[in-house]
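Paired with subunit B in one complex and with subunit C in the other, subunit A is shared by the two complexes that follow.
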Partner chain A sequence: MNDKKILTFAFMDPPFESERTITFFRLLDAALEKGAHVRVFAYEGAVALAFAKQQTHGNAVHGRDNAAENHPLTKDWILALQKKAASKALGFEWINCGLCVDERGVNEVVDGCGRGGPPDLWRYASEAHNTLTIGTR
Partner chain B sequence: MSHYLFVQSQDGFTETRTAQQFQLAGQLQEAGHNVSLVLVQNGVTQARAGARTEHFDRLLAQGVRVIADEFSLRQREIGADDLKPDIAVGDVDVIIDALLAKHKVIWN
Partner chain C sequence: MKVLQVIDQAYRTTVEEQDDAILWLTRSMLSAGGDLMVLLTGHAVHYAVLTRRQPALILGEWRQTEPAEIHRDIAGLVEGGVPVYAVLEDLQDRGLEKLEVQSHVQIVSRQQIPSLYEQADQVWHW
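Up next, the complex of A and B:
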């Protein structure tokens, strides 16, 4: 990791439910655009953001098939951010809270996302230039 | 003097706790700190001209810098011309700028 600044984000919202998830991903993208290394500690419902078995679906009510619906998946956003970070020689680390993962049975995650616990959040926050915690309320 | 940036996602119409959130921001400003507010998500609704938001309006009167997220405004079909005076339109990158400047950034 080079001498760019590290920003840590702690996030707990699940995919497909809250507008906070959209804002959170916009912030990650903006951080990379600003040249910062990004570290994410995902806990509670947010551990499902990286779940590898997320699937797109059609929308029969609106007469759209799978391709036309083009349903966004958070696992794909994570992969896209990983790619963007790599193209800028920036770090993009993601750790899911292991207990939260086990509770939800979402062990299969996309490559580049790891498993850990609160000590990782402490390490991330301690080593970061700054940390933003996004609570559910 | 410290720099505080509050990311305000909650709105005063459905979240009563925003009264205390705005009071805290106002008190920090009164204490001589540099306080900014970035409105995101439903937080932008209280920026509309004519919106009756006593605590939020008090912050504007105090001179707290307020920025409304353009993306959130656009999602709600609120234009820059629809806003109360002294509210700037910006993007979430101002939040990243604050983090990189080591300001205290608090999510509400």
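Up next, the complex of A and C:
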């Protein structure tokens, strides 16, 4: 880890239910764009953001098949941000609350995302320049 | 580092998680060495006047056996060294100010909130 700032994010919302999720990912992207290392603690429904079995689908109402619909998946956004961070020599760490994962059965996560608990959030926050919490509503 | 946990939303996940998720998070980080305070604002001031366990959910033959005990969780936080505050005006707005507030909870006015914020290195608004 170099002398760039670390920003920690704690997020609670699940995929596909709130515009806060989009805003959250845009903030992560912006943080990387500004040269900050990013650390994420995913809590409650947010642990499903990294679920590896998310699948795209076609949409008859849209008149598009699976390929054409190219449905957004949050796991792909995480992978894209990991790639962006790597290209800028920045850290991009992601820890899911393990108990929240177990409750939801979303144990299979994309590479680069780990399992942990509240002590990890405290460690992330203690080492960061600042922490942004986004609670569900 | 001292963190002020501001809880504004009440009864969020309390049935499924059998607690308040942010109170639980606070207790968990306390065990990890966290230096924390809790401020109940908005609807979350309801927690300050709770005296009973939450009612058990019953769905068909399924019955919840361990519903949330938020008043116990707040007492546990205070016993663990985490001060818990509730905003007087938010109690008044909801007609709760005449109910007995848990002895563990300290009542503050909105005017006192800035001084609470100043005591913390970070304020986490949930």
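Everything that follows uses one rule, which is that the second predicted complex is superposed on the first by the 137 of 137 C-alpha atoms of A that agree within 3 Å, B and C clash if a C-alpha of one lies under 4 Å from a C-alpha of the other, contacts with A are read in each partner's own complex, and residues count from 1 in each chain.
The rule is simple: a contact is a pair of C-beta atoms (placed from the backbone, for glycine too) under 8 Å apart; a residue touches a chain by one contact, two chains touch by 3 or more.
Everything numeric in this text was worked out from a predicted model, so none of it was measured.
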| item | value |
| --- | --- |
| Subunit A as common anchor, with subunit B and subunit C clashing or fitting | fit |
| First, second, both or neither for A:T56, with subunit B first and subunit C second | neither |
| First, second, both or neither for A:N66, with subunit B first and subunit C second | neither |
| Subunit B versus subunit C as contact partner of A:M12, first or second or both or neither | second |
| First (subunit B), second (subunit C), both or neither touched by A:L27 | first |
| Subunit A-centred angle between subunit C and subunit B, computed on Cα centres after superposition, in steps of 10 ° | 60 |
| Which superposed partner A:T133 touches (first subunit B, second subunit C, both, neither) | both |
| First (subunit B), second (subunit C), both or neither touched by A:L121 | second |
| After superposition on chain A, the shortest CA separation from subunit B to subunit C (Å) | 6 |
| Intersection of the subunit A residues that touch subunit B with those that touch subunit C | 130, 133, 135, 137 |
| Residue numbers on subunit B that touch subunit A, as the complex places them | 7, 9-10, 17, 40-42, 71, 91-93, 95-97, 99-100, 102-103, 105, 107 |
| List of subunit A residues in touch with subunit B within their complex | 5, 7, 19-20, 23, 26-27, 30-31, 33-34, 36, 129-130, 132-135, 137 |
| Residue ranges of subunit A in contact with subunit C within the complex | 10, 12, 43-44, 103, 117-119, 121-123, 125-126, 130-131, 133, 135-137 |
| Parts of subunit C lying in touch with subunit A, wherever the complex brings them together | 1, 3, 8-9, 12-13, 16, 21-22, 25, 28-29, 31-34, 122, 124-126 |
